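For clarity, chains are labelled A, B, C, D, E and F in written order, and residue numbers in each chain start from 1.
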Amino acid sequence: MELTHFNHAGKARMVDVTVKDETKREAVAEGRIVMKPATLELVKQGALGKGDVLGVAQVAGVMGAKRTWDIIPMCHPLLLTGVNLEFTVDDAGNAIDIRAIVKTTGKTGVEMEALTAVSVAALTIYDMCKAVDKAMTIEYIRLRAKSGGKSGNFVRED
Amino acid sequence: MELTHFNHAGKARMVDVTVKDETKREAVAEGRIVMKPATLELVKQGALGKGDVLGVAQVAGVMGAKRTWDIIPMCHPLLLTGVNLEFTVDDAGNAIDIRAIVKTTGKTGVEMEALTAVSVAALTIYDMCKAVDKAMTIEYIRLRAKSGGKSGNFVRED
Amino acid sequence: MELTHFNHAGKARMVDVTVKDETKREAVAEGRIVMKPATLELVKQGALGKGDVLGVAQVAGVMGAKRTWDIIPMCHPLLLTGVNLEFTVDDAGNAIDIRAIVKTTGKTGVEMEALTAVSVAALTIYDMCKAVDKAMTIEYIRLRAKSGGKSGNFVRED
Amino acid sequence: MELTHFNHAGKARMVDVTVKDETKREAVAEGRIVMKPATLELVKQGALGKGDVLGVAQVAGVMGAKRTWDIIPMCHPLLLTGVNLEFTVDDAGNAIDIRAIVKTTGKTGVEMEALTAVSVAALTIYDMCKAVDKAMTIEYIRLRAKSGGKSGNFVRED
Amino acid sequence: MELTHFNHAGKARMVDVTVKDETKREAVAEGRIVMKPATLELVKQGALGKGDVLGVAQVAGVMGAKRTWDIIPMCHPLLLTGVNLEFTVDDAGNAIDIRAIVKTTGKTGVEMEALTAVSVAALTIYDMCKAVDKAMTIEYIRLRAKSGGKSGNFVRED
Amino acid sequence: MELTHFNHAGKARMVDVTVKDETKREAVAEGRIVMKPATLELVKQGALGKGDVLGVAQVAGVMGAKRTWDIIPMCHPLLLTGVNLEFTVDDAGNAIDIRAIVKTTGKTGVEMEALTAVSVAALTIYDMCKAVDKAMTIEYIRLRAKSGGKSGNFVRED
């Protein structure tokens, strides 16, 4: 078992995927941002028209997904064919759950694009709310599922 | 109490900081990525010469900090005057702890730059190791401390 | 009278503003996008919750303003201190009027940033609506006013 | 009839085009920038060697077309296979007419790329000439024609 | 014989490659940076753990290769499928030799991507060492070989 | 003597310049690209109207200078206040000499910006001419002079 992102000299490279087939690929990533109840209340009101925090985070997440190859050094450029984000308010947990679904037809998977979309959306929520709550935490960013490609499907169970 | 990133119509704007003074500002953010023990072992070996995962994450984190204004929609552009990242292996927790310190002299703080540096570094570690471990999780990204600016200092206690 | 963006050999350069003072500067730009009445109706409904075209255009405009120096070849980089956009529905004209206000403290003005914000917002509206209306036109993008800097104030009267 | 750029919750997404075929696509967009006769004269002289305003605008337009996916939030990334711009001086109208032709083989059209190329070229002309004429206006940016793709051809008649 | 990057009016364009076939393509570029013996010694120590100049240059080179289309005005965007860089210390010549290998499956070659990777890596080495040696020179950046595409193979002999 | 771009753990960082003064700074860098006589002839004709290779390289060099902080990992962002490039045809050497002059008022110097401008201009010339000459070489990129800042002036004599 070895890390494929390194060449024989142990230096980082962008893995050679030239001979891989183009297949339909999809990845789902998730994460959450926990905040004070009063902050969550402001975000929920925003959804009602006083300032749409989640609307801005949605746009940031989509744009972040597209720019993943330019942010993560060894990521391959890919032509994303679909990006969507969903936000769910978790009142009990004082949190907003974030989910990103990314699709492509290409030679490598879109796990990083989905994880980046979630991260950028969470950071944007932090930025929009930090004037009232600096103690928010971004938590549990993980890959939920992926499909397509030679390594096959992956579904996280927990 | 209201979210300053919205104008009177409730639409997103980049907050007007024209009249604020330029002061020295610093922010420290933290986060961690949890992985399988075998994955952590590979990362640790990398530090010994077989492929420097943390070296690549360090570069990605610095570059990510500089690009924060272009990734987070309502962030102000800033002339960062210092960016550093530190990685600590937490063997007991099967995790790598990430800390970013960002400095500037400017009209707004660098909290988002520090949080973005941590996020990008964590995503880069995920990317470099995902061929052997897709179940890694990025956890507990938060602001540890900030200083400078009108809102004063902030230190997270927990 | 000569174009300052060229050097003595007639080649493009970024004008030397090293010795200019940093002053507070502001620019207001305007433009509009004309569409079919049915398209305008969809945009207006969007503002009511079925899909917020103008919310996305607002974010795009703010991000576009920040990236002006990287899109317009001879523009100077500037630390924008405020960006806002306003959209007004012109029912009689079947159009959306766009206005961008940009501020900075710097050595050059922010006319281009305001004009770019309007242009990017208009293009984004086109993109969001083009599935139902390819004949939209972006019209009359102009500088409304600027203040600050050695060349003094400018107000467009018509 | 609905706006395809929104998901079922009414939030913005990048439309899923995964199952669409790759076809040859082409789009032509047009626009113009109107200026004082004296400004137009300077631009025309520039074409003769004193400073090539249109040459810089040409480069900016090509680069802008390539970056469309990164400027317009819900645009798909595409591998452009050809970008060209043409400028025509309209002496009677005191204007420069701009035309951009963009081509690709892909799953979505290049209308936005052509419109962005025209917009960036017009903004660049404004920037290069604004020292002598702040009242220039960018006018009538529209799609002239597109071909390829499932939605078929479009030709604007007026 | 004419320069294909210009249209009939002699203006720059992105060459139309729409009808070209997608083929496997590869390019190898080389270059070197010459420095004082003491500077070279510091770089070599860095490889031993006191600061990894070449590790940072490696990351910069890979990222630079991916961004070539956005830096070189008339370059086509391409989906790179592999990027690698190799550094060789030339003790006799007081230099570091840099070699980049770039691969894609696409309609145009990756010569520019390989040359850009070498250039960015060399500039990064300069940046990392300039505090101790401002007289370093970047030398002899050239295409070593390319394969694939209609124009066939090229191998530089000297 | 040590490389300032590394922290105490030997990892790369962006050097902390927070306490440095803002001073006027200037850097001049040079380089050249050598080509076949017939290629040089085409470039010279281009300057006469059949396709302006050097005009495109000029724009690319200015834009490259502005983006240096985003290409070279440990470079500080700076507000450039002036960028100019000059090209001189060296008929005897079958080469084009490139010179870039960059200015700022800031806490760090603009050596990297000037070197990057030269490199990007040279790469652009290569790109524009490579259809007729793949054996061009980019040579002798070096810092000619710098002024401003604590480390004082530097002038290369050879």
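We take it that a contact is a pair of C-beta atoms (placed from the backbone, for glycine too) under 8 Å apart; a residue touches a chain by one contact, two chains touch by 3 or more.
Note that the structure is predicted; figures quoted are calculated from it, not measured.
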Partner chains that chain A and chain E have in common: B, D
Target chain E, source chain B, minimum contact steps: 1
Chain pair among D-E, B-E or D-F whose interface repeats that of A-E, sharing over half of the contact pairs by residue number: D-E
Chain located farthest away, centre of chain A as origin (C-alpha): F
Same-site or different-site touching of chain D by its copy chain E, using the half cut: different
Farthest chain relative to chain D (centres taken as mean CA coordinates): B
Approximate Å spacing (C-alpha centroids) for the pair chain A, chain F: 37
Rounded Å distance between chain A and chain D, as computed from the means of their C-alpha atoms: 31
Two or more partner chains touched - positions in chain B: 11-12, 52, 55-56, 59-60, 63, 67, 73-74, 78-79
Touch-based graph of the chains, sorted into line, ring, star, complete or other: other
Touching pairs - complete list by chain label: A-B, A-C, A-D, A-E, B-C, B-E, B-F, C-D, C-F, D-E, D-F, E-F
Residue ranges of chain F touching chain E (in the complex, touch as defined): 1-6, 10-12, 31, 38, 42, 46, 49-53, 55-56, 59-60, 63-64, 67, 71-75, 111-112, 115-116, 119-120, 122-124, 126-132, 134-143, 146, 154, 156
Of chain A, residues touching chain D in the complex: 24, 54-55, 58-59, 62-63, 65-67, 78-87, 103-105
Contact set on chain A toward chain E in their complex: 7, 9, 11-18, 20, 69-70, 73-74, 76-79, 106-107
Chain A to chain C touching residues, read off their complex: 52, 55-56, 59-60, 63
